Amino acid sequence: MFEGFELFPKFDWKWSFVFEILPRLLWATLNTLMAAGTGYAIALVIGLVFALAQRTGIRTVTLIVREIVEFIRSTPLVLQIFFIFYVGPQFGIRLSPWTSGMIAIGLHYAAYLSEVYRAGLESVPRGQWEACKALNFSMTRTYFRVIIPQALPPALPGMGNYLVGIFKDTPMLMVIGVAELMHAATALGSTYYRYLEPYTMVGILFLLISLPTAFGLRRFESFVARALGMRK
Amino acid sequence: MQNYVEYLQTYGSRFVDGTLVTIQQTLLAAFLAIFVAALFGMMRLSEKWLVRGTSIVYIEFFRGTSLLVQLYWIFFVLPLLGVTFDKFTAGFVAVGLNLGAYGAELVRGSIEAVPKGQYEACHALNMSYYKRMRRIILPQALLIMLPPWGNLLIELLKGTALVSLISVTDLMFEAKQINGTTYLSAESFGTAMIIYYLMARVVVSPGMRAFESYWGKKMGRI
Amino acid sequence: MKENFPLNLGSNPPMVRFTKVTKRYGELTVLDSLDLDVKQNEIVSIIGPSGSGKTTVLRMLMTLEEINDGVIYVDGQPLTHMSQNNLLIKANEAHLRKMRNNIGMVFQHFNLFPHMTALGNCMEAPMHVLGMSREEALARSEELLEMVGLADKIHEHPARLSGGQQQRVAIARALAMRPKVLLFDEVTSALDPEVIGEVLNVIRSLASEHSLTMLMVTHQMGFAREISDRICFFYEGKIAEEGTPQQIFEDPQNERTRQFLSAVLAAN
């Protein structure tokens, strides 16, 4: 199980190598960010669909959507990525790695986001809906002027966490050949037969992006809450 | 449908083998994660900045980078620093350390959620720190953290699927192999997904709910 | 280091003494150079408007908060400080733990341990802090729970008890430690009106035995008047007036006292 321990036998960090591979890694990082952003955008929209579908009041629809959401949340994303990429050809549809990846990530995180949306909507007191009805507001006005502004602040932390989560899950796309950061690092590693610098740089780059993002998101949450008059 | 039944008869045993490996990985990772979460969760609440700082570094590091990167790093890079794990061990160690970091935040949050009044009562009764934590605070914190831990365990189960990428022969690995030879992707990956789904919905979730119910009664909840 | 304060209070000391005690929260001074004595077996009620520092007095005596200036003595010995080389220095945790056994507190929100029965709540500290044996702790707890009128509820968890019952368990739990001083922090303020009486009855019977020094913060004026030996009226961190119940309620000297009493009595 645990095969050996000798102190730093092959640890010879070469800065020259780092600078050599850095351009390729940074370029791949951009690709990663694009993948994360696109996937998140898809998830935001589909998640809303999932959430609203469960509020229609039609039992069958609610149950079906519920089970779909649970299924997606209970199975590994990497498996879903494989499924979507490979199943297409079996039935004659060729999906590019990028497209399959976006669909998989979009659906997966839509399921998570739908839960966050639902919790936010449910946290708005019933009395708010009743007041809107008493004032004869249209559904649109009710949602946009009253409900969503109150549902948003509690939902933001969850939404922010999943943004960071998507970003960290993009390496899974490498298994179907999407040229994101981890894929680039692995390619470099096997080309030059040195994994130390590429993989370490990947870790550092992830940290450099995810930590400030998480911090910034928390500040954004406070800002929105204050702007909507919900906090001091 | 008939084809699917034949498919299962042919490949069923391989799925079972893979599932067993997945279960092993999940259990080992879970033990590690619980240990790490308890340790770093409580360290996070220490008054000594060194202790607290160490746990913050650990938690932020493992939460800030992705599991896949950590897995590859542990398996490919750590040997260069002198620590060599075989792939099976590297697998559950990575999953356990990663999800343990999330668990640490759950532990911390739950301890902080125990009402302040309980601490004051312990203070008034002159209980020592250890007695207070062991007899009063931690039992109540455990009840608070059970629901989110249920979700965490499912994430852990899903996380073990990544170890297939370093060739650990788990459920995911078997599915990929079978797909590689048969090109029956829907059946191969679909069966794997169904098995993961069943493990999560039929074993983990009800199990956690049952434990929650048991512990809740022990804590005097009606 | 406290130079002008005695190391102990000699023979026949007051049970509690606050000497020039000050407590600040940031810019806000909650207690301002407070001097307060409570004699052995005396029953003192503290009344006053909210924010006047009443609860802070109890919390500092229970060492739930640290004082900013002054010294508190319990039974002649310094509580907040300890003597070293004939000087008073700030007490360390070991000293506090030794002294804390003498003080007990009953809280406004009971703070019972939800995962233990009433009996368990009472037995917990005697066993795990005083090192009592199980049988001893059991016997003492049963006796105390009977005394507060809950003999038939000793195996119930707090969730199954009414507010009044929970508070009575809390009193029994505090008494199980045999403190010299028992503090009551607005113990009926969180109770429904119909159960306040049962809690006051328990306190009344404790008072009538007069073997316990009691310090109560309360809004129950009638009750305070009935059982107290002395009433202290607090205003803005200082004792504005103190005296016997007759003096305070029938003939208050201080204008503020009069204002407070008329407002409180008008509300009733």
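Lettered A, B and C in written order, each chain numbered from 1.
Here is the rule we use: a residue touches a chain if its C-beta (ideal position, glycine included) is under 8 Å from a C-beta of that chain, and two chains touch if they have at least 3 such contacts.
Note that the structure is a prediction, hence the values are computed from the model and not measured.
Q: How are the chains arranged in terms of who touches whom: line, ring, star, complete or other?
A: If you draw each chain as a dot and join those that touch, you get an open line.
Q: Look at the interfaces B-C and A-B and say which one is made up of more C-beta pairs in contact.
A: Looking at contacts between chains, A-B has the larger number.
Q: Please tell me the distance, in whole Å, between the geometric centres of subunit A and subunit C computed from their C-alpha atoms.
A: It comes to 54 Å between the two C-alpha centres.
Q: Distance-wise, how many Å sit between the C-alpha centres of subunit B and subunit C, to the nearest whole number?
A: Here the centre of subunit C sits 47 Å away from the centre of subunit B.
Q: Per the centroid of Cα atoms for each chain, what is the distance between subunit A and subunit B, given in Å?
A: 20
Q: Quick check on subunit B: which residues sit in contact with 2+ other chains?
A: Expected reply: no residues.
Q: Would you pull the subunit B residues touching subunit A in the complex into a rising list?
A: Touch residues, subunit B against subunit A: 60-61, 64-70, 72-73, 76-77, 79-86, 88-89, 154, 158-159, 161-162, 164-165, 172, 175-176, 179, 183-186, 189-190, 192-193, 196-197, 200-201.
Q: Which residues of subunit C touch subunit B in the complex?
A: Residues 62-64, 97, 100-101, 103-105, 107, 109-117, 124-125, 128-129, 157-160, 173-174, 177 of subunit C touch subunit B in their complex.
Q: Contact residues on subunit A for subunit B in the complex?
A: Touch list, subunit A to subunit B: 1-11, 70-71, 73-80, 82-83, 86-87, 89-91, 168-172, 175, 182, 186, 189, 195-196, 199-200, 202-203, 206-207, 210-211, 214.
Q: Using the touch rule from the top, collect the residues of subunit B that touch subunit C in their complex.
A: 115, 117-118, 120-121, 123-128, 131, 135-136, 139-140, 218-222
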